[in-house]
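Each chain gets a letter, A, B, C and D, in the order it is written, and its residues are counted from 1.
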Amino acid sequence: MPEPTRIAPPAGPTDPPPPAELPPPVFLTALQRGLPGTIEKLSYWVGDWTAILPAARLIEVATHLRDAPGALFNFCSDVTASDWPPRAKRFDVIYCLYSTTLRHRVRLKVQAGDGEAVPTVTGVWPSANWLEREVFDLFGIPFEGHPDLRRILMPDDWQGHPQRKDYPLEGPGELLIEDPVDWLRVRHAREIE
Amino acid sequence: MLEAIVFYTLAVFTLGFGVLVITARNTVHSVLFLVANFLCVAVLYVALAAEFLAVIQVLVYAGGIVVLYLFVVMLVNLKAIPEARVDPRRRSRLGFVLAAALLAEVSAILVYAGSRSPMAPAPGAPATPAPGNTETVGWLLYTDYLVPFEVASVLLLVAMIGAILLARKQEA
Amino acid sequence: MFDTNELVINMGPQHPSTHGVLRVVLRLDGERVIEAKVVIGYLHRGIEKLCEHRDWGQIVLITDRMDYVAAASNNLGYCETVEKLMSLEVPPRAQYIRTILAELQRIASHCLWLGTHAMDIGAMTVFLYAFRERELILDLFEEYCGARLTYNAMRIGGLPLDIPPRWDAKVRAFCDILDTKVDEYEELLTHNRIWLERTRGVGVIGAAEAIAIGLSGPALRGSAVPRDIRKDEPYAAYADFAFDVPIGDAGDTYDRYLVRIEEFRQSTRIIRQALDGLPEGPILGKVPRLIKPPAGETYHAIESPKGELGYFIVSDGKSNVPYRFRVRPPSFCNLQALPRLVKGHLVADVVALIGSIDIVLGEVDR
Amino acid sequence: MVETYLVPLLKIAVLLNAVLVAVTYMVLLERKVIAWVQVRLGPMRVGPYGVLQPIADALKLMLKEDITPARADRFVFTLAPIVSMVPALIAFAVIPFDDEVTLFGYKLSLVVADVNVGLLYVVATTSISVYGIILAGYASNSKFPLLAGLRASAQLISYEVAVTMMLVSIVVTAGTLSMVGIVKAQLDAHLWFVFIQPVAFVILFIGGLAETNRAPFDLPEAEQELTGGFHTEYSGMRFALFFLAEYANMIVVSAVATTLFFGGWLRPFPNVAPLAFLDLVPGWIWFLMKTFVFLYIFIWIRATLPRYRYDQLMRLGWKVLIPLAIANLVVSGILKVLL
């Protein structure tokens, strides 16, 4: 098994800016005009556009992108996150959007610190419901206003959030304890907690 | 001799199941004893050579009506334990009075019936009974007892319409 | 008069028609569903986490284990995403063979869907008929790569193997067989009165709502949304072929059925065109010995048999493993619509609807 | 003594054994026929072509652990399979397999009891058989069987109305309630009743499918919906009793349909003299052949059709079959008076 040869973990995504000669798509320029100051940074990489926003203005932007005539992003393909522990706001929450009428894609990205809530987009795209639950379950990012924020893949009483970078691949630990008595002790201690 | 043995055995079973119906604590068991009771009565009818009546007894009572009882019993409070509640009506003396009245009535009928000749044919029946008693029953039902028969059917119709109306109202 | 007792029943995780370890908690009034709650996660193996600890080449093999009835589609989606991240050129022959494999896989997956869906509604013969055809596909895959279920059939930049000799003729023969067999399935079901009564008007979902709730694939097309990634954002070699995207109009179980049935025919059409135009040449592009995509991230989606199968991969450009590996599983997102679909229907419709949205728990839970 | 007790007892013994063997082989037949429909082979391992499979199955079921769920109603739980099996068996008592035959000098009628209310008797026994299912559903103390039990009882009661109504039309046509009498009436009418009462036959057949819980009406045991239905919690021999009862009921329905509509033991065209050579085949063979055809159709339907939904089944019963049965009864009554 090749252990990752990572010595110093990367401090964050590269998010390369778009090349100067490439104009951003119409819906992004319209967004910049319609809701000025919402886009902190635009990024372009291998054909994908990403807009990085402050979490506070996410709902505004999402609603605009869903309804604006040139955007019409009515389909929320995916909601996911990535974890960059050295960074102060360690999480990126990523929304992959698609328009079934105009057939274009864009990604939104907001940053969140540990324990910091991100507003839910379930009001804009109901399909984000389970996807946000999954992010909550695996990363521990709470979504403010989510109608049903429970764990979805892991058991309800699970401790920790497995997709975080500081969570070991082998699991939380007690699974590796061979002596069942020790295992029970750990389990018991956890229940008292 | 044989007939007597059959009769008394059946009578014991019929009464025994009857008692079990009212003593059983579990409602479903009680309904089951009722079915057993009906089946015993049906066999009694067979012993009296009234096959038609016997089959109708099974078909209508055991196979139809009691299934509905069971249905209702199963649907309504499956979990409530009967002995947990004390029905205040159980303690009333009215029940004893009514039961005594019923007993008196039944005994009166028995005495009256015993005083008559047991073999007297029912008035209006054909002189020679048809093979099997189905035809006799049908004949009597549509001639002498036509009016009670029709009244009973109208009554059932009214009951049916009433039931449908009640159910409808709840739905609305 | 009677208090309407609500009954809560647990359908699954061990239930014959939840297609695996899905658990649906149904609140019933009589037999009518008042509310359904879907509980998943029984097959969660942490594939995303695992993939962040495996090097780029090894991940192909793990993707097999997600939608295990359409392993090649998973391989294709992953390889294309990494190729996009590395800006790799895939030779046309490999693209064509990938397309053939993906379409064969779509047929196999739809066979399994048709069989189990029909079985759930009580038509058990169709189940065995559909599995008979699926078996032929498994034979073809076995001949191509040696495996029958988890193929590990693709590599980043191309394919590990060229097609064996005379394999193309066998695929052609299979397409001819399948076309007649699809007619056979339709004879048994499409105009069958009971089938119509069981599927028409069951689980109706309109186009706007279907999009909002995140349906994709045949389930979305059944609601009259002409969205097929093969057409809209062509990948592999799909741009070279003529094929139609069937859509329904009512958005009920019957339309979803018809859409998938038509997809059988379109798939054979694509396979035939791909075989006709199969170019000569290498099957593996110019791939560096050590795969290490430059730092960056991308989302790439393909049309898997179940819907939009997307991969979101982040590379940090330094290590030999992906920094973040995310799958957008179509079954997971489609399953989300189940509580909405079953509401107000009867218990019998619940199984019909679980079949109708076509899920694989390996992919839902990962 | 011999006439009154021994002969009927012998008949009963022979019939019971024959029925039980037939039922076990019915299971094999079903598995085989469905397998062939589905391009499979079916059981092949036990004996040549799997003919000994029923014996292996029976052994397996008898030796299996008999589990009673912890919180079940033990008394009713034990009673339910018995209650479902017994009516299926006793219904055979009035089915005539042949006219009188002479055996060792005895004139022997091949019916256990030619009751003058035979037809009603059959209906009555089938109406009792619902208890097995409903009680199994109740006694298991489990939700799926309960749902199945309710489904089953509602289904049986609804379909029984149509079937009974239809049987009255037959009685009107034949002028008797005796099963033997009905067959003889067909001989006198020079026609099988299926040609006189085709609608009644269709209703009986559909109702029969529904009452025996067979596809496409097999809702109470719909495996895909209610796991195993009312017998989810049963195992071993008790489960086998339910299973056998279903098949015995199928045979009863087929036998009744044969008797009422297809001339029972009569050869085809019983009054056409040039076909007299058909009499070389004994009547009971004709009877069994006709019954077999029905059983085959039962299996064939199961292999072909999907399953109805509960509300659709009720709608079919109440809104289609019962009005049809009443109309049929009225028409046959009028015709009977006029002709």
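A few notes on this one:
Please note the rule applied: a contact is a pair of C-beta atoms (placed from the backbone, for glycine too) under 8 Å apart; a residue touches a chain by one contact, two chains touch by 3 or more.
All of these numbers come straight from a predicted model, not from anything done at the bench.
Contact with both subunit A and subunit D is made by C. Across the two candidate interfaces, A-C and C-D, the one carrying more C-beta contacts is A-C. Comparing mean CA positions across the assembly, the chain most remote from subunit A is B.
Spacing of subunit A relative to subunit C, judged by their CA centroids, is 25 angstrom.
A straight line joining the Cα centres of subunit C and subunit D is 44 Å long.
Centre to centre, using the average C-alpha position, subunit B and subunit D are separated by 29 Å. If each chain is reduced to the centroid of its CA atoms, subunit A and subunit B end up 72 Å from each other.
Among the residues of subunit B, those touching two or more other chains are numbered 75.
Shared interface positions of subunit D, defined as residues touching 2 or more other chains, are absent. Among the residues of subunit C, none is in touch with two or more other chains. Contacts from subunit D toward subunit B in the complex involve residues 73, 75-76, 79, 115-117, 120-121, 123-128, 130-131, 134-135, 137-138, 146, 149-150, 153-154, 156-157, 160, 164, 177-178. Residues of subunit B that touch subunit D in their complex: 26, 28-29, 32, 35, 51-52, 55-56, 58-59, 62-64, 67-68, 70-71, 74-75, 131-132, 134. The touching residues of subunit C, counted against subunit A in their complex, run 40-41, 44, 46, 48-50, 53-55, 84-85, 87, 208, 211-214, 216, 225, 227, 232-233, 295-299, 301, 308, 310, 312, 314, 316-321, 323-324, 326, 328, 332-333, 335-336, 365-366.
Those residues of subunit C that touch subunit D in the complex are listed here as 7, 9, 15-17, 31, 118-125, 128-129, 132, 188-189, 192, 194-195, 197-198, 346-351. Against subunit C, in their complex, subunit A makes its touches with residues 1-6, 10, 13-14, 16, 45-48, 50, 74-78, 80, 82-83, 94, 96, 100, 103, 105, 107, 125-131, 134, 138, 151-155, 162-163, 167, 169.
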